[in-house]
């Protein structure tokens, strides 16, 4: 399993931009009218982000950036890290500073942290379910619009790996390409003829017949879509280690072990990015010194 | 239940901006290198977005805008509308045009549609679970960063109603405000003194004692947080119709009926926006004429 | 009168964005070609922003941000605050640093300060004219495009209060809505049926007949538009404290006292944001040490 | 006086950007919640922008763009043009289309039109006051932040001319430059040595002594700041047509004739852009066919 | 050689953004003050973009977009296409419409077309110099900041192919990685362990010793940097077709044939994107009908 | 020749924006996947930007800003300055910090520095070729889209001067204006009538006849386009110092001396901005302490 320290840092510019967009969404033009009305302009507060349930952390950089964006003078102390497993009740981040500023950033910080830790925790659960097999769990392009880069990072924080980031950094020939290009063979031939030499070519197949046809050509990987475990086992035998094998199709914690047992190299899962439930966090206030 | 036609249209500028951001995320600089390599530049295709499961639709405008943004010459025919209930297998949108362009927009269109229809369907399920009661289901600020405006719209498409859109358009005094302001009473007094005359004041209470203290002041609404159904029933009696009552706290399809039975006016639910699973859609290709 | 310290801080992101836009407008691509030609690159200067006439201050944050945006090493010392009353000749801000940088920011700083202090001073004049009455002076949506958030802030600095910030944070049914909806009653009924529970509903009436019709429904406030003081007095009697009363229509320092004397709760004034003359400030240079 | 047809069109990109910013300010995320609640989604309306007072028009392009940005299907008929003089009651723009869309754009359209026609009308008044003299009325850099390009256009619509647009397109040596550069002479010498050959050099002088010193050098223009009409007359004699003369300093409709009578070539006026009151317009609804 | 029709279209959003940025740079706030002063607002013109020298075309989409962005009513007729070889004097694009608008867009259109056709022509020259060999000419990340996507496109228009678009879509282990990672072997091992399965791994080697060390590991490609033709020949023999070979290092039209003769698969050239001279185009005016 | 210290600083906002755009282009969403895979997250490095060939420096601010934007904790030591002449092997900038961050910024830093130093060096070569004459070398609007402001700065760093920055800050009547306006005379008359008083008017002439016609009017400068040295000499005699003379037309290091010998005031050169080859720089790594 990937150690937390190996996680690449998120690009600073992207973190700032995403946090600014989310704060604009929550603060609008008039700002936090409740705190302005209720709290003194100089009131100070001390608070902690606490996990309300156990899981895997992702998104702490974004949470911290939310407080920093509202008021750079808020003091922040990190007590955890993306990729760490936490128990319910664990403290992740201490904040101390102007009370209005802390409350203005609270929801944005928690929304990022809850969403991304949800992705990390869901990934971690499936990774754990197949930990006795060689199969790696990887994510797809079925991500939440605007958050792909952060969800890809959360998948890594959960112990998974990333497939291509978009349409631009890998060739994956899917059913529709095959249909329009009139067959697996012509589609692969065209891809190999025009692909850059730094890019791999993967082809999606739904049947063993298609797999045989694909293997005639020097593709780098094959995506075995919606096959039963028994079909997958046969496919793995046919491939025989010559190229990378990847299984996909409504993978869950329950179905993953049987799929991994077939010996595939990768299992790609859309669910962890498009349907993982939020992990619950709260901001608990301590009295000000 | 809200008719689809009553839904306000999403602001054009926001739809364009969100779609452009999502397309940039998926296409990067090199674009769809698979379609470029595999498909002829002039290849044309006809396809349909099909629901792979039953649910409530939201996000069709964004899906359509994704195709239009990639190529304004793609012909689009809407076969459904946000707020409509659909069966598995239903066709929602016909697209016809350049094959590369259709494939370039496909995933962005489906990601918006799947996520927002997931929100609408989750809302619709809870709305249905309390349909014999007066309680309205409303959403919270626990939304996906960057997508709040669209998720609020999806909640309406699911038959729910919107609470405030952000910190700027309603006063909600929460536990942290009360703690920092030294009590429910002082917090409410401060809010009433400084609130604009166009804004309502709501106060969150955790106990019946706090409720009694709140009712001393002319607040407009009270948020009864994490109370049991029996506490809620008592609270509704105490309030006695003088102000708006709203219940919150880990509401689900299972727990909502008992909460609604207490007679509260609103039930606010974070789950529909932060944890609703995606509704599954696909783009099915037909051969080109 | 509102103390300066109660003013909520302007959102940092909005201040930075507005200042960047104004500096781009003034500096273009070639920058300050006069200072570049005339002054040595290392020349330093000490200067003060001085009020050329008495008034109420607003916009100091923007003025300071202009200098900081051009050169973060310019030393700034605030000698006043938004919401303060100043005499002619008063010093508001000391700046010291690179001479070219100070001159590059000067006009942008003064333009913000002059415009917003003009708004604050105009508001303050009307607030003063009605200070013996309960009526609060509030502003409208008749603001300078792009500067609404700052003008709303300046109105508060002048002792006024804010009405809704835009079309999104309050329901105000106006003559055109009434015309298109076929009457005051149907318009109000529709608004009450669809308004969120955090939003107040106000209706504009031009006659006492319309007022009577409006009062049949549970609206929260009524805008008495273009009524004479005598009509306003009658209206206040009819309303009898049940809901909020607001008067509007070409209010000036001269007409405000008679309007306030009628007993209305609010007087809304477009003039302070769309037509207030600039307050005059200059940047006076002292010799460098 | 400049004919309306000679006005250069405003750059399309700038008009779109300014209108988008103003609409975002007014509509926020939730949009026009009054019209959404009160009006049917398909309701249509016919309306006209009417002048409530006489004046000079500027900003019609921005007003039209506001309607177009909200809904491109609103039909627009222009009945006037920037630079035209209008009487009270004159119709400027007919709009017809979706009622919600028209109401959503109304205030933004009127705010641009009112502000810029205010600038044009103020300019036109001063231009008229000196029409029997050769002096041209020109504007300054004392403009409303974010709106300079539009206010410069409005000045032309009022019959005035533009001075430099910013610090980047003309050299104007002011008192502070002279102080830091240790005198009029050294400042001018430095400017002439480093100025590009496409740019004119103007120097501001406060006294006739400074004027004499300036005239030793080949400057292109001199700005006579805060001089009395009698000093200006002397200055004009001293200059004797060799270079351009420009007068400045708290110019109004009342003081302009005496200044123009001195024979200066230009009179620059800050008031028309920083303090001109709004011209009043309204949107009058007609019943829908 | 690549046919023009195979070139993927440039993303519409990127073309619009780049053209808007370039027009803003050239037009500023005041616009084309020469044409405004000299030409009648309604003057019309007919003109053609003409090649002043022979070469390969790239950038026509950007040139056309420049005219369209200034005035959508300018009629455009394309007479060539990206990837076409043209003779001196050839007409590429006919424009007809408002004269001021055509002149406002002219320089931006020509700057894009000249720069990108320069890249395409330089590429085409090297491609032609090695056309009797199997080696493909590919570009590098040594591109003009802000224009990489367009220069990559121009390289294809010249008959070359693209290497990775950025640091994000391919692994290339260079000398600095090897130094910091303490050797070719450890660097490759780390890369293979962490690389995604859709990405190829290439390693740069300077000597045949490093090549031998690299070949111990299953890398996909090797970059032979700054080797002499004789070293390259030895390297190709050592590699013996097992992996992709690529040569780099100050490649020009003169040196390319000898490099290609060694049998390498790819020759990467920085010069075509960072130092290719502009191809000369002009806009010739015809009289208006 | 201009001393380096006289160069005006580039606007901070523009430098940050250009660097952010270039980094986004190179890093995409996934970032530097090679360094992430190969280098330890905490690895540190020391490196120097070294000139691989002699030339004139420009763009150091942008290079430094690239490192700072990726990681503000990278320590930077400037060893040269824009406008300095450097020998091959000279060190310009020391960087020390996180190894991944340094490698992520390297290419963007070098691309800016190489391109702009190429412009400065090309300019410097022509300036040197005419250093015994009074003619100044100036640039044109034939710049690389998006980089004009930086290229204009690089021209100054090379000892040249800037012509107008765009269409907005100087009037230059060219052949097309003359054609559409029906003659040199009418074009000049229109320009003089409408030009602002801060702007110079220059007219382009191709023949001595046109020059005579132009000189009838009070223009400020004349652009002698594509004339032979002998024609230029005649033109200079005709002009006789009354107005500024400028020569243009395919100027190179070889042709410039003969042009300068004719006595013209300015020689404008497109080549230095549109076709100057890159100056070669590298980042050399030293071992970490």
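In order of appearance the chains are A, B, C, D, E and F, and numbering begins at 1 in each one.
One rule holds in what follows: contacts are C-beta pairs under 8 Å (C-beta built on N, C-alpha and C of every residue); 3 or more make two chains touch, one makes a residue touch a chain.
Fair warning: this is a prediction, and the values are worked out from it, not measured in the lab.
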Intersection of contact partners for chain B and chain D: A, C, E, F
Greatest separation from chain D - chain, by CA centre: A
Rotation angle (°) superposing Cα atoms of chain D on chain E, nearest 5: 120
Interface residue identity across copies chain A, chain E - same or different by half: same
For chain A paired with chain D, centre-to-centre distance based on mean C-alpha positions, whole Å: 52
Whole-Å separation of chain centres (CA-atom averages), chain C against chain F: 45
Geometric centre distance via CA averages, chain C-chain B, whole Å: 34
Residue list for chain C, restricted to those that touch at least two other chains: 6, 25, 27-31, 36, 148-149, 162, 165-166, 168-170, 172, 194, 196, 199
Chain contact topology (line, ring, star, complete or other): complete
Residues of chain C defined as touching chain F within the complex: 20, 23-24, 27-31, 36, 41, 69-71, 100
Residues of chain D that touch chain C when the two form their complex: 18, 21-22, 25-39, 43, 45, 47, 99, 103-104, 106-108, 110-112, 114-115, 118, 141-149, 165-177, 179-181, 187, 190-191, 193-196, 199, 270-271, 274-275, 277-278, 283, 285, 287-288
Parts of chain B lying in touch with chain C, wherever the complex brings them together: 6, 138, 161-165, 168-170, 172, 194, 196-200, 202, 220-221, 244, 246, 265-266
Complex interface listing, chain B residues touching chain F: 25, 28-29
Chain A-touching residues of chain C, taken from the complex the two chains share: 5-9, 11-14, 148-149, 152, 162, 165-166, 169
